[in-house]
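The first chain written gets the first letter, and so on, giving A, B, C and D; residue counts start at 1 in each chain.
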Amino acid sequence: MNFVGLFNYWIVMVLMMIGFYIVIAQGNLVKKLVGLTLFQTSVFIMYITMGKIEGATAPILVEGEALYSNPLPHVLILTAIVVGIATTALGLALVVRIKESYDSIEEDEINRKDQEC
Amino acid sequence: MYTAAAFAVLVAMLLALFRAFAGPTLYDRILAVNVFGTKTVLLIAVVGFMMGRPDFLDIVMVYALMNFISVIGILRFFEYTAKNVEVREE
Amino acid sequence: MELIINMGLLSMLAMTAIAIVRIKDLFAVAMLAGIYGLISASFFVMMDAVDVAFTEASVGAGISTLLMLTTLAITGRFEKADKKSRTRFALPLVLLTGALLIYGTLDMPSFGAADSPVQEHVAPRYLNDSAQEIGIPNVVTSVLASYRAFDTFGEVIVIFTAGVGVLALLMRTDLPPISSVKNTASMEEHMVLRIVAKMLIPLILLFGLYVQFHGEYGPGGGFQAGVIFASAFFLYAMLYGMNAARKVIDSSLVQVLAALGVLIYGTTGVVAMLSGKNFLDYSVFSEDPVHAQHLGILFIELGVGLTVATVMIIIFFTFSGRSQVEGERD
Amino acid sequence: MEGILNIVSWFLLVFGGFLCISGAVGLLRFPDFFTRMHAASVTDTLATAMILIGLFIQAESWLVQVKLVMVLLFVLLTSPTAGHALVMAALHAGLEPVLPKQKQASVEAGR
C-alpha cells in the first residue's frame, strides 16, 4: 500500500468524519458550526493536496523556475475560505437569534420547547 | 541547518499543542495559543528559506498580526463575559 | 524533510480535531479552532498555496475565532454532555462512512504526482500563457481576477449577501445615541495594550494597502487585504470600546461602501458590455491588451477589497453591538 | 568573511531552535500558570530574534531583509505586550501561583 502517497487523503477523511460526527452527534449549535468548519477545512486540504506537484514551487512566476503547482485549486479555495467565513457568520447570527427566543442553544431543549407550544 | 531549525520549531509546536489540550485553566490555553502562533511564524519563515522562495515573508507578517489580534480578542471576550465565572474549568 | 513537516502538521490537525470533539468548554473549543486554522494555513504554505495560506491565516485563525467568541459571549460558555442514544447511533455511521471514503482514496493518484488528471487540463495553459496574456507574475491573481472573474463576482455577491443577512438578523435600531452612553470598554485597565495598539493600527492599515496593491506580484489581493484592513478596526473596537469605534466608523457609511464595492465590480463588467464586448472583458480599457488587463484587475480587486473589508466590519460590529446590549440588560 | 557569517547564522538558527524546544518543554512541564508564562515568554522573544537574525544573514535580496526586520520588530512589540496583558488578566481573575509549603505558610501568615 502506498502509505506516503495517500497519507494526506487519509487525514482528510479522518478530519471530515470528525466534523461529520460533531454535526450529527453533538447537540450544541455553536459546536455544530465548529464541526462544519472542520469539515469545510478538510475539503480545502483535499483540493490543495491535489494541486501540489512534487518538487514544484508556488505559482508566482519567477525567472529560472520551470515547475509550478496547479493554481486553479488555489483560486477556488481562496474564495471558498472567505465565503465560508461569511456563511459561518450568518449561521452564528441565527444561533444568537435562537438563543434569544428559546433561551438555549442545545438542540434537545429547543425541540422540547417546540413540542410544548 | 534550516532543516534543524524547522524540526526544532515543529517539536516546540507539538509541545505547545499538548499544553493547549491539557489546560487546566483557560489562561494556560491562551498562553499555549500565543506560543503556538509565534512558533508558526518562525516555521513559515524558515520553510520559506528552505524552499528557496524567501519572498513570501508577507504571510509571516499576517501570522504575527493575527496571533496578536486573536489573543487580544480572547482576553477581551473572556474578561467581558466571565467576570463572575470560576477560573478553573468544571 | 518537507514530507516530515507535512505529516507532522497533518497529524497535529487530526489531534486538534479530536480534542475539539472531546472538550466541552466552548471557549477552549474556539481557541482550538483558531489553532486548527493556524496549522492548516501552515500546511497550505507547505503545499505551495501561498495565497490560500494568506487567506486562511487571516480568516481561519483571526476573524472566525473572534466571531465565535463574540457569539459565545451571548450564548454561554459550556455545552451539555452528549446524549448516549445519539452517540450510539452516530459512531457506527461515521465509522462506516469513513471506512468507505478511505477505501475510495486507494484509487486516488499518489500525492505530488505530476501526471495526475488534475494537472492535465486547464492548469498548463494558465501557467504557460498568463505571462503573455495578463502580464503579471502571480498566476493565482490572474486566474482569480481575469480568467475566472465572473466566478469571483459571484463570490463577492455571496459575501455581500451574507453581510446583509447578518444585518437583517441582528441589527438593533434601538441603540441609544452615542453621546448618552458611558463608554463600557472592558479593557480600560490595559494601558500598555492600548498604547501598543495605537502604534500598530496605522501600520496594519498600511500593510493592508500593500497587500491590496501588491497582490499582482506576490501573495495577496483584495480578499486578504479586506480582512487585514478590517482587523485594524477590530483591534480598535476591542481596546477602546464599541462606542469609540462607532464614533470612528459611521455604520450607514460602511453599509453604503459594502454596496459600492459590488457596484465597482459590476460596473467594470457593464462598461465592457456597453462598449460592445463581453461582460468583464477588460480589453476595452486600453489599446494595449496587457495594460488593459492591469487596469481591469486593479478595478475589480478594489471592489473585492472594499466589499470584504466592509462586510467583515459590519459582521463584527453587529455581533459586538448585540452582545453589548445583552450585557447591559443583565 | 562569507564563511564566518555562515557559521554565525548556523549557530543562531540552531541555538534559536534549541531555545524554542526548551521553552516549550517549560510550557509543558512547569507546575503553574505563572512559571509556564515565564518559560514561554522569555524564550519566545529570544528564540524569535535569533532565528530571524540567522535568516537575515542568509537572505540574498534587501527586500527580504527589510521584511525580516519588520517581522522582528512586530514580534518584539506584540509578544511581550500580549504576555503582559495575559498575566494581568490572570492575576485579576484571582489565579494564584503554586508556592512551596513554607512560603505558602508565610504568605498566609502575612495576610
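Note that in this section a residue touches a chain if its C-beta (ideal position, glycine included) is under 8 Å from a C-beta of that chain, and two chains touch if they have at least 3 such contacts.
Computed from a predicted model, the values in this text were never measured in an experiment.
Chemist: Along the shortest chain of touching chains, how many steps lie between chain A and chain D?
Modeler: Minimum number of steps from chain A to chain D: 2.
Chemist: Quick one: chain B and chain C, Cα centre-to-centre, how many Å?
Modeler: 19
Chemist: Taking the mean of the CA coordinates per chain, how far is chain B from chain D in Å?
Modeler: Here chain B and chain D have centroids separated by 12 Å.
Chemist: Mind pulling the chain B residues that touch 2 or more other chains?
Modeler: 7, 13-14, 30, 51, 55-56, 58, 61, 65, 67-68, 72, 75, 78-79
Chemist: Could you list which residues of chain D touch at least two other chains?
Modeler: Residues 74, 78, 81, 85, 92 of chain D each touch two or more of the other chains.
Chemist: Quick one: which residues in chain C touch 2 or more of the other chains?
Modeler: Answer for chain C, listing residues that touch two or more other chains: 30, 50, 72, 193, 200, 218-219.
Chemist: Provide the full list of chain pairs in touch.
Modeler: A-B, A-C, B-C, B-D, C-D
Chemist: Going by the contact rule set out above, which residues of chain C touch chain D in the complex?
Modeler: 189-190, 192-193, 196, 199-200, 203
Chemist: Can you name the residues of chain B that touch chain D in the complex?
Modeler: For this pair, the touching residues of chain B are 1-2, 4-5, 7-9, 11-16, 18-19, 25, 27-28, 30-32, 34-35, 38-39, 41-42, 45-46, 49, 54-55, 57-58, 60-61, 64-65, 67-68, 71-72, 75, 78-79, 87.
Chemist: Per the contact definition, I'd like the list of chain D residues that touch chain C in the complex.
Modeler: Of all residues in chain D, those touching chain C are 74, 77-78, 81, 84-85, 88, 92.
Chemist: Help me check something: in the complex, which residues belonging to chain A touch chain B?
Modeler: 57-58, 62
Chemist: Once bound in the complex, which stretches of chain B touch chain A?
Modeler: My answer: residues 51-53, 56.
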